[in-house]
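Following this message is one structure expressed as structure tokens.
Going in written order, the chains are labelled A, B, C and D, and every chain counts its residues from 1.
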Amino acid sequence: MSFDIIRSGRAVFHVTDLEKSKQFYDALGFIETEATEKEVYLRGLEEHNHHSLLLKQRETPALEVISYKVRSEGDLDKLAAKLQREGNELIWLQKGAQKAVGRAFRYQDISGLPIEFYAEMEAVERKLQHYHLYKGAKVQRIDHFNCMVSDVEKAHNYYINELGFSCSEYTAGEEDKIWAAWLHRKPSVHDVAFMNAPGPRLHHVGFWLSDPMSLIDGCDVLASLGYGPSIERGPGRHGLSNAFFLYLRDPDGHRIELYNGDYFTGDPDFEPVRWELDDPMRQTFWGHEAPDSWFDEATEVLNVYTEKKVALQEAKLKKRKPTFVI
Amino acid sequence: MSFDIIRSGRAVFHVTDLEKSKQFYDALGFIETEATEKEVYLRGLEEHNHHSLLLKQRETPALEVISYKVRSEGDLDKLAAKLQREGNELIWLQKGAQKAVGRAFRYQDISGLPIEFYAEMEAVERKLQHYHLYKGAKVQRIDHFNCMVSDVEKAHNYYINELGFSCSEYTAGEEDKIWAAWLHRKPSVHDVAFMNAPGPRLHHVGFWLSDPMSLIDGCDVLASLGYGPSIERGPGRHGLSNAFFLYLRDPDGHRIELYNGDYFTGDPDFEPVRWELDDPMRQTFWGHEAPDSWFDEATEVLNVYTEKKVALQEAKLKKRKPTFVI
Amino acid sequence: MSFDIIRSGRAVFHVTDLEKSKQFYDALGFIETEATEKEVYLRGLEEHNHHSLLLKQRETPALEVISYKVRSEGDLDKLAAKLQREGNELIWLQKGAQKAVGRAFRYQDISGLPIEFYAEMEAVERKLQHYHLYKGAKVQRIDHFNCMVSDVEKAHNYYINELGFSCSEYTAGEEDKIWAAWLHRKPSVHDVAFMNAPGPRLHHVGFWLSDPMSLIDGCDVLASLGYGPSIERGPGRHGLSNAFFLYLRDPDGHRIELYNGDYFTGDPDFEPVRWELDDPMRQTFWGHEAPDSWFDEATEVLNVYTEKKVALQEAKLKKRKPTFVI
Amino acid sequence: MSFDIIRSGRAVFHVTDLEKSKQFYDALGFIETEATEKEVYLRGLEEHNHHSLLLKQRETPALEVISYKVRSEGDLDKLAAKLQREGNELIWLQKGAQKAVGRAFRYQDISGLPIEFYAEMEAVERKLQHYHLYKGAKVQRIDHFNCMVSDVEKAHNYYINELGFSCSEYTAGEEDKIWAAWLHRKPSVHDVAFMNAPGPRLHHVGFWLSDPMSLIDGCDVLASLGYGPSIERGPGRHGLSNAFFLYLRDPDGHRIELYNGDYFTGDPDFEPVRWELDDPMRQTFWGHEAPDSWFDEATEVLNVYTEKKVALQEAKLKKRKPTFVI
């Protein structure tokens, strides 16, 4: 590739009660970089970029966009040129149009997801060693996006062949069809995952924690602050990805994964790990089932051109017993 | 009281496949003190008494007896005399009748539970600092018995007024009826708990772990050895007792709780903590529901005189939505 | 015994800059129950009694008194009578004389240590499940006092034979002389320890943490707040007691131990663990040496009758290489 | 760069008693992939390449070589060509010459260190989810090399400008001279660090653990197996790199670091963190001093052409109080 996508960069959520959302993410242990009347900019403790989660006060909850950071302005231009050659319409946002973010462009990707690329984001102080600020689940940094799409194989192939992603693990069902795929640019398990389901939707944004106890501490603090009902699933261990996980629902139902237990995937000879759709250890290594909401509910996404919600398409592979779908 | 019950001492389980059970408890991290063709004697890493769990090969799974350790032979005699005065028939087992256990007597308690008292058990080497033997969940010591009984209030009153237990926490429902009670002799949350349900049955035996990570490690090791389906509930945090818990089912369905997060209850001015039956944080501080099996299934207990199973009696308080029963 | 000492209850420190001390203990994770211009009352997260550490603003740093909680007012009277029979002069403090503490008496014990007994202390809300208040090392409760005395054997014998303490572990040197002893009333490793050194002095007050990660978190938070130089020794593992430990010096040099990794000592047949003075694993299981300050420095104690400092007496057993003295 | 160095790959140690070394690394939790009479091949739990540590039985302890993995055979050739153009003599080892390793070449780098590059290493089963095999410190994967060199600035500049490394953190002394530098290819804090000292020598090889408790568990297991004296320094937190660290000496004195607490450095706009040589928090965030051995002792390295030890050169920057040198 002539361009280099570095990593998943940020998500932009529409929320209906900014104050309520702010309190929730504060309880979780995010650092608030900055807030205006209509927007809150959040980051993890080790992040040196301005934010990795942007909340905007709006009428209805939605995902406005998920964003990837690319290496340089040159990489951004080359990527833009390539996408235009393929027939995509790009919406350019010049530096200054968005707080703290440099030049960026948005488009609707091959699955209908609202995607943004940018190279530059304002630097802020890393709080990694400001341990007295650690609280809640001590969120360290953004890790990945997990998206429900109607055609996983198409998304998988495009991200690998055209955008330079690598596959770390995947789920295959009948006739070797790819049911779900974990793809990365940084050498972790993923920057983005695609799962077979009516889409495009955002299933969750994953944030990385530095150790398993932070996840337990996060549960305790959330519960003692009255956020018990926000804990949707976990703590548990995924077979696929080996993640020690917790899934939370924010006040608008946006799903956040707290995540620990990654491994290094940067070797070119790393072979993607294949999981059978029917392997009960795939979804939860310890064998527990996820609640229905985890399979059925997800954040709707916006059309970057019209700012309306994108209509859902049926999943291409037929639906399976929820227990076995991840 | 003229006698001093020290703590919960051991449980005697009947199992149908001794080898299978042995492997399960070995995976969990128990130390095997000794084994014969028909019996396996297990203890935790810090225990200096011969065993806290005795497995006997039998045709059907059952609880043979739960045992409490008393201070001295003199205490044993005084306790026996008192129980006989109350009209209980005692079965005496002389020293030597049971491996490693001194004089003991058994009887059916006020709830119909098979109970044993003893003062003496053979001493063995503590493995507390043999860290190279730590594995699985690194089980440290027996902590408590949890029993389902048909009349919790009766059991609660008897154990407190007649046997010298104290109440650390309890659940009260309509008209202040005691729904469940946690009682202790050693200054922890409990040596025994009683829950309103058809009984008498043994719900679980609790073993203490020295830290929360041992519980997570236990899940991972059990799962990697194929015991994923044995994990019934958790990890989670109980509101009541503050325990960080995991519930397992052994190959015969006997339930074991791994438990961390106790607190000190030895002050005479410690006020029992009251929980409302309808408080969702009581059962699970983090708000998750337990599976039906956790409410419905338990180990049947034997009649110490006939060695037959004790018939169940209906719970005195009416059944409530499982989510709210602990 | 006709009286029942429950546990170590509180320490009263004289500090020279109340505000500075307050900030230090706040960073450590203590709960401030109450403060006046001259006094700060602190407790751990699970404590339901008003305080376990009392700081008083004074000209010079010192230990005013260490206090034990007894079962009842009757126990207090019986203990007082016994001590008076032995020729001790008692200073009575009536209820109301001290904030939150009931009737109490003080005297200078057999080693010259200023000791107080009380039965009653005002109840306050336990913060055990207020996880959002957890910070620093998340101090849970007072655990023990460690005292330097000139004649360990005399103190050991008196506390066991006359006050009803039990010995969990001890260090023996040449000719089986007891070099140091760990004694308990509650069934943990200790409520008080005595070490051979010029005394009487208070070496440290130990506070219990619920898990090892809280100790690591405590180090990180203290360091990020500039208290790095307050960390005197650890984290490490004691062979004797199996404690995972950290030793801190407060702004006046008073030493606090953060402590995790206890075990149950409540069995009457528990045999005290003997350690040889020359066993390198006794002091630190992992083999590290303690700094000289840990051996040489300690808090001077006050005479309860004159409120002047008690003069030091030489240790009865001859001094040994610091590495091997604990 | 036209070539892509992926990461630090393996170290080859000469040891004088293979059996003793094998036992030590086994206690630490390494997986033994394969052993011959004269060689032991070790890897961490998540590693899918044949080994990351190779022990060879020899007369005297030494570092034979440290090796980096490059992307492909093509990258290997391009890198070789560049180094030859610069006047370096390369020793080629064809595929099959070394067990499990493909084509490789060795040379003495700009600091006199014996370096090897290879693209291919035999794949083996990852044990990441074989939790029942976890033991000791549960070593996950190789992380970095730390080398003592006489001219840090020269090494720093060459690795960055000529080999494509990036700097994450560095220590600067008087006149802004670089005293020590942490350089990476994979987006972690480092693949290699250079420290100002008589060199070339290998200070240590760092292995990554998945969580802080594994480090504590490692200490306990090593101590209970009699390896207490092998624990040289720690556990502690480095200010520089934020690592939660433990330094061990193997039976020949080779130093191993167990390491947890890294952060992501893959952003092109990540600014290297500068530490002042005199900042006491740099070396140990919690403020403790390292023992003299940690500063003075290190593994001597071999000349790849003669297989004799490389003579030491004095450090270019003058020696400073050990407390402040890292």
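Throughout what follows, a residue touches a chain if its C-beta (ideal position, glycine included) is under 8 Å from a C-beta of that chain, and two chains touch if they have at least 3 such contacts.
Predicted model, so just to flag it, every value in this text is computed and none were measured.
Common neighbours of subunit C and subunit D, by the contact definition above: A, B. By number of C-beta pairs in contact, A-B leads over the other of A-B and A-C. Centroid distances built from C-alpha atoms place A farthest away from subunit C.
When the CA atoms of subunit B are superposed on subunit C, the rotation angle comes to 180 degrees, reported as a multiple of 5.
Centres computed as Cα averages put subunit A at a distance of 34 Å from subunit D. Per-chain CA centroids place subunit A at a distance of 44 Å from subunit B. Rounded to whole angstrom, the centroid-to-centroid distance between subunit A and subunit C, based on C-alpha atoms, equals 50 Å. Residues of subunit C in contact with two or more other chains: 129, 211-213, 220, 223-224, 285.
Subunit A meets subunit B in the complex at residues 212-213, 216, 219-220, 222-224, 228-229, 231, 235, 237, 244, 280-281, 285-288. Listed in rising order, the residues of subunit D touching subunit B in the complex are 27, 129-132, 134-135, 211, 213, 217, 220-221, 223-225.
Within the complex formed with subunit B, the subunit C residues making contact are 6-7, 46, 48-49, 69, 71-72, 120-121, 123, 128-129, 140-141, 186-187, 210-213, 239, 242, 260-261, 263-264, 266-271, 285.
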